[in-house]
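Next come two complexes built around chain A: one with chain B, the other with chain C.
Take a look at the complex of A and B:
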């Protein structure tokens, strides 16, 4: 053993002058980088790893304080949980789809107009983004309710006889959430569209592709990474949304986050609430992984060209 | 396929004008490019050469003018219908497509069958010496390879015209010089009408049939490289292409005078006024003490500095009235024996054939 060590030492010495000093230097540098990172790492540990671990821990105990899987078994036993789960994902998919349908053309327009005009137009996207979600949700309630702006106008104009059910239901939740989450799609998509070199589009046209062909064969594929980032952002935020469905749903649309709030504050069942959180987290991570895998595969086929 | 010699078309540009706001970028340009010609637009940045190319390709709309390609007016035709191949400065290879898809793109737009596309892409790749790289991703290619792919993509659909916007500027010096020769021989082989943009005068001289020197949105001179170098028409052209000595001269009665000395020039001398005599450093020679030979102009000067450059040396001298002049010669042993030292008086000799007189105001 000692002989072997001595052998290694002599081997090191054989590498060249100052090998040991340079190695110590590298170690010292690595250590100082770790030291510089440590405040951030400690913070992340305190506010992310610890609470999530605690959440997971809590979910393993039933109301009596004994370790059991009852909190998780409930998801399969009670139909209302399954319903909430389905509603949550239905809302998330619908809102994400609407955000893409509305957001993509708007962002495309923003990316094609001169930068100065675009930054002015961007204010209309960002200003609502800075306003409180609560305020905006109430504003929608005022606009969409039975005797709200939309219904009064439509009736006064003679277009409809009966007010449309736009608030206190599923439609209201979708409208409110789409409005609130749209900027989360527009902002990353805008950045990615702006970074597409206009020479690619010029090359496309030069080579004989008309405007439509140039858009679908060149611009759209190149904007996919930004679109994917926006979709993930909107979808994940949808899954945990609380205020808008609670106010706009009129008690008819129960989403996952509302279920958690009920379970913890109404029934004080922290174990069940924690289990809800753990399941949502796991399903979200699973979906993100799936999405990443799909987009990743697509990205290789799109970007890799093979 | 890929033998466009018969189908090469001439380009005729008339009265092309372009302004951005109050800035006139192109001022009433007329250029004719012969079928199969390699014409270079040469000029400093801001001279309007790239704008002219963009107007030719259809990416920029001119304020006025006419462009005829083989007789067809194309000035209002959208770019995708012009059938012009273009090599971009940064190549603009589509990053989401591989080499095959990039080169096949123009064929796909023209609904060429799969089998023919494959055959033509392969042939184009062989032409630019990239056979076997069809499956590579664009980001797996070196700069020189990308350049060749861009070239293959621009010629695979047998366009009427090929435009190149400083295509070699991103390559390092050795590769650039190699590609210049290669582009030149490719052009000779395919015979397509080519308009090439560059700010590199050496590149322009190496490659072109004719060069249009542009400055401030105008064409200063459009000529063959030899003529451009030997007989520049303006001071700008003389200064932009190669190195030049400018000696202020006064013309009286059709004769040029420098100080009290009468200068002989082979080219026509203006009747009166202040002008510049242009002499290339390599045309200025050290005169022995034997006096003027064959009627050459001889100027007395004092050596300021001698710079040794390996293959040649540069001698900076000051004429009697303080005017600076440079002389270049190769380091042959007979010349080396004559190289003066700084501070020494020398006599410089300029043959009348090597002296050109241009107007002072340009």
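Take a look at the complex of A and C:
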């Protein structure tokens, strides 16, 4: 459509008597469209691009003000940083795996039931998605803490004598984050599963494949782009997650984002904190870039469905 | 027989899938369902179901000057963010949709980049910048930072509305003598207004629920509700927060239902 218009425009430009006027008009239009975007672009430039660029600049200098890689070398030399990275990746892998393990079946079910019923069931996914992370973390604290619901129930039922350590530790962080990030896997996966043509499945079964074979050989491979989009989204969000580990970790689970907060707020070490941020951003963008490259343009259409 | 897909698999054979799915859905909704009754508990102990009922935690919430001030700050910031982000995002979406915008791919990425960048990095960066500009602990600073967070949702929502709208209608209006703005205002806007309203609602809820950036740039008189909640949760699990959480859940339900309602009316008649 647009290409067609542009084609006509160039055609007129070549022959028409009002070439100059049309060209001015096109230029004015291009300019006014750019002007329409400019408030948003200026804000993004001011609030996101400029400070992050500034932090990157800061990360290149050590405490004495000389250019050095000291802020980055620290990550390999100090054991506490290495521990933070290991914890972060451990949490990210575990949470992503759990999201896939419980998210795939539920999304598969949602994609198989009639749309009307599915859209009602989707409320269960979308409502938590739009509920404050703080509210959900608080809820899990109430449920999992020492005198929380789970422990009270289990003790009342006589299953355990001593309360299980479920909150203020690693387990609490994993449970809370899995709950918070699950919708990020379900939503793109659902869009991708709904777009699978059921004729393929019917054809497979018609040709003699059983339900299991049809699922693994036809449905599952076709759902992979959506699954990959969800996995990347969940993993990337895990790496930079702050609220839940800060409240549920009980000070024992130090993740990347918490480390950044401590280094800058507590110790005012902007160089070190910035370097952490730069690496986090690089890893995030690297993973997203890798994903784009592997899956191609299809991914953007899956993400647009939010 | 599965009538929806026409596959020779019975619902009985799939029973395990339905049970598993129902359990996961329960897992997703359980925290909200548990918090709401607990906020009406009569005791300081967090029990479920509560043994006695009362409104004392709501009285504690509304009676406390600190909580009330924080709520007012959050409401103010969310309203102002909505007012700023909605027209900016709509204008940008309109330009991106036109197809004649140069670098539209890059511009689209930049405007929605806040969805991808780790929020903690934005928080620290904004704090650092605001320290130089004297914008920390100000409403202006909060509104600007929240607008950037809300912008992607407005742009994406309005863009999806524009994609289903036939731009030729605006061309007709212009060929009949309307200028560009009049054509947009009188022809396009009324038809995509439901997307714009949905985008505005998403902007409001994004700002109201935002925690991480506010943690860094709000404080003193401009402490937001989420910031105060975060600090309170670091110390102890106070049942007053159950009452506040219930209010936030209800707000989410109301705004989402409104967005859903507007979203449905957006689809072609």
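Definition applied: the second predicted complex is superposed on the first by the 230 of 306 C-alpha atoms of A that agree within 3 Å, B and C clash if a C-alpha of one lies under 4 Å from a C-alpha of the other, contacts with A are read in each partner's own complex, and residues count from 1 in each chain.
We take it that contacts are C-beta pairs under 8 Å (C-beta built on N, C-alpha and C of every residue); 3 or more make two chains touch, one makes a residue touch a chain.
What you are looking at is a predicted structure, and each value in this text was computed from that prediction instead of being measured.
Judged by the touch definition given at the top, the superposed model places A:213 against chain B, while chain C stays out of reach.
By the touch criterion stated above, A:222 is placed in contact with chain B alone, chain C being left untouched. By the document's definition of touching, both partners, chain B and chain C, reach A:202. Set against each other, chain B and chain C touch different numbers of residues in chain A, with C touching more. In the superposition on the C-alpha atoms of chain A, the part of chain A touched by chain B in one complex and by chain C in the other spans residues 202, 205, 211, 304, 306.
The touching residues of chain A, counted against chain C in their complex, run 1-2, 6, 26, 29-30, 32-34, 36-37, 39-41, 43-52, 54-55, 102-103, 105-106, 108-110, 112-114, 121, 124-128, 130-143, 145, 147-149, 152, 179, 182-183, 198, 201-202, 205, 211, 236, 239-240, 242-243, 246-247, 257, 260-261, 264-265, 270, 273-274, 277, 280-281, 284-285, 288, 304, 306.
Every residue of chain A that touches chain B in the complex is listed here, in rising order: 197, 199-200, 202-211, 213-214, 217-218, 221-222, 302-306. Contact residues of chain B toward chain A in the complex are 57-59, 78-80, 82-86, 88-90, 92-98, 101, 105-106, 109-110, 135, 137-138, 153, 157. Residues 2, 4-9, 13-14, 17-18, 20-21, 24-25, 27-32, 34-35, 38, 45-48, 88-89, 91-92, 94-96, 98-102, 107, 110-111, 113-114, 116-122, 124-129, 144-145, 147-148, 151, 155-156, 160, 180, 205, 208-209, 211-212, 216, 226, 229-230, 233-234, 237, 241-242, 245, 248-249, 252-253, 255-256 of chain C are the ones touching chain A in the complex.
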